[in-house]
Amino acid sequence: MKNTIVTIALGGAMALMAGTASAQTLEAIQAKGYVQCGVTAGVPGFSAPDADNNWSGIEVDYCRALGAAIFDDADAVRFTPLTSTERFAALSSGEIDVLSRTTTWTMSRDTGLGINFAGTLFYDGQGFMVRKSDGIASAFDLSGAAVCIESGTTTELNAADFFSANGMDYNPIVFIDQDEVVKAYEDGRCDVYTTDSSALAAERTRLGNPDDHVILAEIISKEPLGPSVRQGDDVWLNIARWTLFAILNAEELGVTQANVDEMLGSNDPAIKRLLGVEGDFGAAMGLSKDWAYNIIKALGNYSEMYERHVGPDTAIGLARGVNALWTDGGIQYAPPIR
Amino acid sequence: MADIEARQKSPPKTSFWNDPKIRGLFYQFVVMGALAAFAIFIALNTAANLARQGKTTGFEFFFSTAGFDIFFTLIPYSRASFYWEAFLVGLLNTLLVSAIGIVIATFLGFFLGIARLSPNWIVARIATVYVEIIRNIPLLLQLFFWYFAVLKTLPGVRQSLEFAGGTILNQRGLYLARPLPDDNFTFVIWAFLIAIVAWLVVKAWAKRRLESTGKRFPVAWTFLVLVVFLPAITWLTTGANVAFEYPELSGFNFVGGIELPPEFVALLLGLSLYTAAFIGETVRAGILAVDHGQTEAAQSLGFRDGDRLRLVVIPQAMRVIVPPLTSQYLNLTKNSSLAAAIGYPELVSVFLGTTLNQTGRAIEVVFITMLVYLTLSLVTSVFMNWYNARVALVER
Amino acid sequence: MSTTNATKEISFVREEMLPEMPAPSSVVGPVAWIRSSLFSSPGNSILTIASALLLLWIMPPLYNFLIGNAVFIAEDGAACRVEGAGACWAFIWSRMDFFIYGFFPAEEQWRVNIAFALGLVLIVPLMWPELPFKVVNALAFFVGYPIIVFILLSGGMFGLTEVPTVNWGGLTVTLIIGLVGIVTSLPLGIVLALGRQSKMPVIKSVCVMFIELWRAVPLITVLFMASVMLPLFVPVGVSVDKLLRALVGVSLFSAAYMAEVVRGGLQALPRGQYEAAGALGLNYWKSMSFIILPQALKHVIPGIVNSFIALFKDTSLVSIVGIFDLLNTVQASNSDLNWASEQQAVTGYIFAAAVFWVFCFSMSRYSIYMEHRLHTGHKR
Amino acid sequence: MATDTITADDDLAVERTKLTVSETDVAVEIVDMHKWFGDFNVLRDINLKVMRGERIVIAGPSGSGKSTLIRCVNRLEEHQRGKVIVDGVELTSDLKRIDVVRREVGMVFQHFNLFPHLTILENCTLAPIWVRGLPKVEAEKVAMHYLERVKIPEQANKYPGQLSGGQQQRVAIARSLCMNPKIMLFDEPTSALDPEMIKEVLEVMVGLAEDGMTMLVVTHEMGFARQVANRVMFMDEGQIIEQNEPEEFFSNPKHERTKHFLSQILH
């Protein structure tokens, strides 16, 4: 008798807790009323809980942009913090709708894991952080160093490639959890901490005394970080992709959170198309025609997101660099809305 | 009348449904069917999920290049090695830390178990407090403590603590001098081996002598004389020499000597201290399980305390101690998998962590890992059954 | 008789009974105690002195660190960064909400508090052997309570705001995993134990295989399996909540251990009980549920509680698969820059250890208490 | 007084005389002995002189201290006041003296306390080999002799768990005899046994008594007391209440408590 009750209770719990994600991801999202977004448990500037335990960061803003595009509500998003080990399983199982978790776009991932990358939110590359007191000038002086790395990442493979290609020895100290990697470096277990240089900058701000640490100039890999979705649902892929393009286009066209209402009256046909004043580009994706307007109204354009979370004025302090628009000498380039 | 006779001759047929055999078969059939259905359900789901993710299955990944490095290996390994070599590295690291941990935990555990039964109040109390604290705190937490909290308080490489004999302790681990014996040293080793053999011969002879003449021979002293003095004399006469390679600061770290990384030391420490508390309880229970009457009987026969323990109490206590002790050993081996959290590259960390992530072969990797632990457990239980059969007390 | 002569000599009758005499100081009193328990032999004296020195060496610095020089009240880590400061309790205090509730929204935390209070109200009478209504109480705790807690915490009905499980954390999650593990593993363990005792070869071998497989592998592989393989096992498009996956892993794992404990109880029961039940004409399920199991389970209450202790300690492993249990919240807070100091991590770990210890130690005391009760019950 | 008729004894006789410290005829002498368990005064003012070859049966209600009394004789229990002198050696906390006394005093327990991990023969030879330093062959010869005497030589290679209670108790007696004790203590040797087994054990004990062994027996077997005892002692509340020759003791008990006790166990 007791058994039966427990079984029923469990079954009920399971039915409640297990959301169904049909191939029609958008329909499912509209039905449940929010986007489920997989993020890192804590990389400042990208996604991390802030002082009030709200998620914030540029990758979080991207997820909020999806919420804004679909529901006109940037808060219609829920976040699932994931370890690097679980992230792909979480996406392919439908536990999350979109993975926006400092994930490098690589061929094997794009082709072998049943996922599609929607684009590049942030062009990154792997770098090294060392203690100033060690007096290291270059990554090529790192022979014999103990290096702290997060396990199961491209970082781990890149480091192996780099040291082997340059005939150097090193001690890879590998942890499953990002927090533990940083902690071990900070505690002095390693001479070097290596990961994407953006994350290095972010983590540096979290160290006890950031000025005691320097990030070396060498970048040893290409790490285009971008959101990804499950394969096999092109509508959802389009939404994910064009949400990213919309914020890039907005920056290019000079549409900001502050002036977006003004811009509704702009004469520029490109702006009119972006904001849904002219034509209905949302319809093909199952969205309203002011989908992009809603994004910009709620969160601003790419530049605003960047400056808010990782830009020079933040603790992380990353210059735009290659992430500047193509018009400003960078490589961020969005196809036109037309 | 005829009816009754007929009934007496052939018992009334039980109805089909009430035949316990048929019922049994029916139940088993239902269970088997349900299980098969469940297995098929899972297999189909898995196949569908894999197909949707465009994943293939199979073990051929074992023979592709791993591409990552491991810093603590017992066999040659580099990023160009294959995944099966990475697997082997992890497995050997698991076995290494388990083997050493078992030895330390056994000694400490027996010490604790005996100390808890000590008539000395303060000794018994210290042992009790130790056991009650250690076994009521999760092992993972203890590992974090030994690794992160203690590591933080250790000095950096350049401020290393230096101890006698070239032992160095810093945040990068514990460095010991590596002995480099010269050629003549082989004589000393031979002398040592000969001494051991000689001691075994003396021991056997002493036993025979005790049995035939009733005279006892100081076997323990003989051991000391043979095993210490024989090699020592050989050492002096042959002029054998052992040089030591001391760890020296070079670049970032100390180079040379024997290097024990903090991950290894913390894991070993955590596992041994934790398991020792449980072994202590096992030993205590084993000793208490020997009826006090046995001690009294031995005393009344005039046995001295040493003989009483050796001949009467310990042989009986060991029967009670060995089976749970073996499962503690198995637990220690299984618990070594927590190393994944503190970065010691053992099986789970290398295989279930890195390899799974890099290859995405969840099913294969989990299957193989479980198979390894299952094998270890089966081997242990085979040993335990053998031991139990060997020492079982004969009862009526 | 040759002893006639001696008869008079040996014949003796006591005229008056001697009163009881007070024990000499060599038997009772502090001096006797010190002599017999500290200095009974030269070896013991040496041990006593060595132990005393050890305590003198450990205790004062420990006291200074934990209490003497500890920082109890502070706004931020500055007070803890002072040279020679002890444990930074102020840090623990400032993060206490996080340690207890995780990311649970502050304005909804009253729901967690109600769940705690209700649990306390149900569990105290359950553990008190003299109180009546054990069956009702047990049903309420093992069946009703988990359902109420689930509704209360996850919300989404009865006008409660929905709080997704990723926001659950801290001690709340630790206790939830412990509770669910206990509630599911016990019945599952009983079924498995009965199956293992079964005479039907198929059922028996299925149960044996299940039990031995789970007992052979470390929990962490089970949790990894639950986190990477379980999503593959469910139909396409169905996703299983992360916390639920960990719960499934923990429950199956502890059920296997529970099964072995229950089996011990079943085997310890004299054959006669089974025969008597059969002789009364009870069928299998009736004799199990009215005769055998009540006795067998009562015998193994200490063993069951010990499994609960192991289970409760094991909940900390979910932090490895990224669930914010108590240990993980402490681990995460240890890198809180506001409170950065040398002692931050140590303080955090000591706090977490103390919480776990209090739970586990009181469970183990309870188990000893029950063992004692059961044993005295057996003696005439 | 019956002399030793056992051949195997001859080898041991030498050692035995060596260990004999005093030449008096007193085997055990207890003077003004008191004992406490914590605050509880278990034995009060015990005075007892056991002559060589004497057989004393100690009776009394449970908790009267009779077992404790005989356990003081081989120092399984320590007394706090008074003197216990066994075979001329006074028992103190001196370990050497305790060793000497224990070798001379055999003891048979209520629950046999055979070593379950050893065979019957090994049970009997272990102490002679390790304590007396007897060669194994000799020890086995002695052991077989006594096993024959207690009528179970055929069980020599079995384990205690395979024997009945009565057989185990007989082995326990044989095990003590193998040490060639001068004094035998019996602590309720038959109270854990079935009636027919009691008989076989008592027969062995009677045989021992006939051979002149000095015996201190705690028992409720009053038939045995009548048959073999030189003296019967009645204890209560940790003191000796009455002692007398068995015939007198049973037919004419003097003390009220003795009368009451006898009326309860004899009817």
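Think of it as A, B, C and D in the order they're written, each chain with its own count starting at 1.
The working rule: a residue touches a chain if its C-beta (ideal position, glycine included) is under 8 Å from a C-beta of that chain, and two chains touch if they have at least 3 such contacts.
A quick note: this is a predicted structure, and the numbers were derived from the prediction, not measured.
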### Summary
Touching both chain A and chain B we find C
### Task
Could you tell me the least number of steps, going only between chains that touch, from chain A to chain D?
2
### Message
Which two chains have the greatest number of C-beta pairs in contact?
### Response
B-C
### Message
Can you tell me which chain lies farthest from chain A, using the average of the Cα atoms as each chain's centre?
### Response
D
### Euclidean distance of C-alpha centroids - chain C vs chain D, Å
50
### Query
Taking each chain's centre as its mean C-alpha position, how far apart are chain A and chain C in Å?
41
### Summary
Taking each chain's mean CA coordinate, chain B and chain C are separated, in whole Å, by 25
### Summary
So chain A residues touching two or more other chains come to 85, 89, 92-93, 176-177, 180, 183
### Task
Please list all residues of chain B that touch 2 or more other chains.
49, 52, 148, 152, 340-341, 356, 362
### Summary
Chains touch one another in the pairs A-B, A-C, B-C, B-D, C-D
### Task
Spell out the part of chain A that touches chain C in their complex, as residue ranges.
2-3, 5-6, 9-10, 12-14, 16-23, 41-42, 49, 53, 78-83, 85-86, 89-90, 92-95, 176-177, 179-180, 182-183, 186, 206, 208
### Task
Spell out the residues on chain C that touch chain D in their complex, using ranges where they run on.
1, 3-4, 6-7, 10-14, 17-18, 20-24, 26-28
### Query
For chain B, which residues are in contact with chain C within the complex?
24, 27-28, 31-32, 35, 42, 45-46, 48-50, 52, 118-123, 126, 132-133, 135-142, 144-145, 148-149, 152-153, 334-335, 337-338, 340-341, 348, 352, 356, 362-363, 366, 369-370, 373-374, 376-378
### Task
Flag every residue of chain D that touches chain B in the complex, lowest number first.
74, 76, 99, 102-103, 105-107, 109, 111, 113-117, 126-127, 129-139, 158-159, 161-163, 172, 175-176, 179, 185
### Query
Can you name the residues of chain D that touch chain C in the complex?
34, 36, 38-41, 44-45, 80-81, 230-231, 237, 239-245, 248, 254-255
